[in-house]
Amino acid sequence: MQYSEKVMDHFMNPRNVGEIEKADGVGTCGNPVCGDLMTFYIKVEPRNHDPHLARIAEIRFKTFGCGAAIAVASMASEMAQGKTLSEVIAMSRDDVACQLDGLPPAKMHCSNMGVQAIQEAIKDYLTKTGRHDIASTIKGCPRAVH
Amino acid sequence: MQYSEKVMDHFMNPRNVGEIEKADGVGTCGNPVCGDLMTFYIKVEPRNHDPHLARIAEIRFKTFGCGAAIAVASMASEMAQGKTLSEVIAMSRDDVACQLDGLPPAKMHCSNMGVQAIQEAIKDYLTKTGRHDIASTIKGCPRAVH
Amino acid sequence: MKNGARQIYLDNNATTPVDPRVFETMRPYFSEIAGNPSSIHSAGQQARRAIEEARARTAALLGCRVEEIYFTSGGTESNNITIKGTALAQDKRKKIIASAIEHHAVLEPCIYLRRFGFELVKIPVDQHGTVDLDSLGRALDDNALLVSVMHANNEVGTIQPIQEISKLAHQHGALFHTDAVQTAGKIPVDVQAMGIDMLSLSGHKFYGPKGAGALFARRGIRFDPLVHGGHHERNKRAGTENVPGIAGLGKACEIAASDMAEEELRIRGLRDRLWQGIQGAITEIRLNGHPDQRLSGTLNFSVRYVEGESMLLKLDQEQICASSGSACTSGSLEPSHVLLAMGLPHDLAHGSLRFSLGRFNTEADIDRVIEVLPSIVDQLRAISPLYKK
Amino acid sequence: MKNGARQIYLDNNATTPVDPRVFETMRPYFSEIAGNPSSIHSAGQQARRAIEEARARTAALLGCRVEEIYFTSGGTESNNITIKGTALAQDKRKKIIASAIEHHAVLEPCIYLRRFGFELVKIPVDQHGTVDLDSLGRALDDNALLVSVMHANNEVGTIQPIQEISKLAHQHGALFHTDAVQTAGKIPVDVQAMGIDMLSLSGHKFYGPKGAGALFARRGIRFDPLVHGGHHERNKRAGTENVPGIAGLGKACEIAASDMAEEELRIRGLRDRLWQGIQGAITEIRLNGHPDQRLSGTLNFSVRYVEGESMLLKLDQEQICASSGSACTSGSLEPSHVLLAMGLPHDLAHGSLRFSLGRFNTEADIDRVIEVLPSIVDQLRAISPLYKK
């Protein structure tokens, strides 16, 4: 597999691995049957009661999957860390792939999954905090495993 | 082409090449259109007025053709030289191929041609000497070029 | 790359390095004895002799006649000639029977033939990857043209009961072909004793060159060429012969014939050492393939909670080359059709690892894997959401 | 063999020796960088890079995109893929048009396709071997699938007006394929400027290895694979790639691209020297092929009253390798279909000789032929019943 150096770096030394015990939101994407599974945990720092301005204070993930899946999760976690929820909701798979200096075409779905799993975690947080209105606008994971 | 050493020897140094000016018999086999042509010239030494006991006193040939054709003509001329006409009439292509330590399968027709051309020359001699009866029993060349 | 260690190559079922003796046999045919074997001059005839010598060596390995060997560009081509060639050379029988775990090089030509009115029947295998003879028996009838069952599987190494299979095929008047790409040169193959009508082999799987293979076809069997255009290989495979490749293939056959028994034992010893070491150090793994009817160099197992490609990448960082049946290694969505046919759940199929050992492996190679793999599995399990200590 | 002279190889249209630079490029891929390009580990990826580098070099030679190059086992296979692949990938157009002097590797696949309802129309050539454009125009209609005309002929070297031919083909919605096995690497080929949709080339005709070739297929053209069974070559040619062969082919392309113009001139000079020398010394000979629209390395002529194989054998005894269109050199009964199509009478076709020059020939080689050939012809004419002084 021709992975970029960035991918190999994030694969070999993934950032933000782990779980958060009392997470504000948890999101999972993928399915071991398909060979890829990612779970993200987030702690959210609220701001002015406006969920859009709230920030990701802490982020952790676990991944079962190929090199790209692990690198994508690691990179996505770094990118989301400290960002507002709106910013993260606006993130696309291409942003992650781009930050990784590209991914092989067959691996672009991993890139998607990383962003979607974090968005699932935000959705979970918004739902728990009563903001179904915003939560329902987030697409998240096509067939999320909860 | 995988020719035996014997074939190569007769090809490079063909025996009995040439023509006989006042030949007792001349026989031709083959056709330049097919890529092979042989003409044999014989001098016959009669014996007891019995053509069967007459001998080939001298034999010469000319050949247009491949290595096998030339070697076959040379070998056939050596084999016929000094033999009685009956003996030569009984010769087969396998005798010649055999004396040459074999011929590639695709070249066996050359071997045939050598024997047949000499037999044509004998036929010619017999016809000229009035022995149509024996001449007609000689198969000779399928489509002889006279 | 770490500490500049030398590469440990444990992917010999994928391809093998060319044996130096094979390379020396090939070498003169690139630039010195470079004639076209169809030419009548000495340069051509020397090349021709190299081919015919290789043919004799290949025939000797299989126990067949020299004129029953056709050289090809590899195992895939030999399989294609067999399947498309026998099918299209007749129009009586329309069914091709193959095991569910055949290589794509057998299955895909069968699938292509559908448009010409042929049917592919896949025979299931049991959990060890052994073909189910009852199913085979049921599939056979007088519409069955060809039964194609590989001698041993490339992923799990399971060796099939070829003799029984060929007997069944012949009882119904079907031809029997075996893809022996993984066995030729590694374990004995005797086309007479085993009742084989056609057989495919490939040079690069047993220390010969890539791009050279052979087809054995029993005398009298009718098949169309796949590549038309000349009198090469007795009208069955056109194109200027790959002389160095063929010479190398022949040499590989000769070496194999002489060293096979000893080599097989040595490799089996290494493989068993590897499996013991791994079993002692990693929990929740399971062997894939037949426990003993299996190629001596093949070790395939699944590691629970971890995906295959990520293990391969980490192994590669330690200069260890291996393989996996994970979908992620092939760019497809489904993991290995072989593992699935053997009944493995998807997650175990995704988590499979294959070490395939060969002529140039040493104990040190094995010990290095035993040293390195457990911590790789630990690292990946530590980040796996499926793993709970 | 005489006086142990070194071999003079003048049969470069049949095959060329591998250039030492090509061999050095190939060498590491036999035993050192011996991974399977489909493997994800470094050993595999290094091999993969070698293939992609070769693809870029091949594309550069032809002026096409890298993804339009498919590696094959040689020119014959490339021709087969083109013809059978385009025909069987559709069922609208049923006519294939080829020149009468195409290589068997084009004609035979067309003939095979008859049983699938396809028709082969052969276009005649004039006495120089140039395709008759009027006949081509008449043969073209909206049933014409493919026009296949070789860039230059292997026997006589005549170069075809490819641009005009492709234009005609396209006017009728037919695809245009050219067998460039004799020109790729020898004279410029520009698939864009020449309007070529598909093109075949072969490594061993321009100092690359035997067993490696390529197919150019313009993006978007539909064709079935010939060899099924894996994702190699973007699903168009299955089988483990012949990595050293492909690397060597790429290097041969690179060398050709840089040296072509100079080399072409040098070889032309040698060939003209040869022809002049022979014309000065042997009577009753005639040139075969186009007087100037001809490959610079090819010299084909007929020697009256003498058969070709016998000349070749005597040349071979002098360590000179050449070729002939005589039936006796092919084991068939008919002499070269190319010479007959050009209107040569049978006896002149039987008496043809081809000297094909290449990169490694020198003036000394040429002078030796001029020294030796006249006496060979004399000897054979002396024993020929057709020759009267």
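Letters are used for the chains, namely A, B, C and D, taken in the order the chains are written, and counting of residues starts over at 1 for each.
By our rule, contacts are C-beta pairs under 8 Å (C-beta built on N, C-alpha and C of every residue); 3 or more make two chains touch, one makes a residue touch a chain.
Just so it is clear, the structure is predicted and the values come from calculations on it, not from any experiment.
Q: What chains do chain A and chain D have as common neighbours?
A: Common neighbours, chain A/chain D: C.
Q: Taking mean CA positions as centres, which chain lies farthest from chain C?
A: B
Q: Could you state the distance in Å from the CA-based centre of chain B to that of chain C?
A: Computed value for the inter-centroid distance: 57 Å.
Q: Can you give the whole-Å distance between the Cα centres of chain B and chain D?
A: 41
Q: Measuring from the mean C-alpha position of chain C to the mean C-alpha position of chain D, what distance in angstrom results?
A: It comes to 34 Å between the two C-alpha centres.
Q: Chain A to chain B: how many Å between their CA centres?
A: So the centroids are 94 Å from each other.
Q: Which residues belonging to chain A are in contact with no fewer than two other chains?
A: 1
Q: List, in ascending order, every residue of chain D touching at least 2 other chains.
A: Within chain D, residues 40, 309, 313, 329, 331 contact more than one other chain.
Q: Which residues of chain B touch chain D in their complex?
A: 1, 3, 8, 11-12, 14, 17, 28, 32-39, 62-70, 104, 106-107
Q: For the complex, give me every residue of chain D touching chain B.
A: Per the touch definition, chain D meets chain B at residues 305-310, 313-314, 317, 326-329, 331, 333, 335, 345-347, 350, 382-386.
Q: Which part of chain C faces chain D closely enough to touch in the complex?
A: Result: residues 7, 9, 11, 14-20, 23, 26, 30-32, 34-36, 38-44, 73-77, 79-80, 103-109, 111-112, 202, 204, 209-212, 224, 226-231, 238-245, 309, 312-313, 315-316, 319-323, 329-331 of chain C touch chain D.
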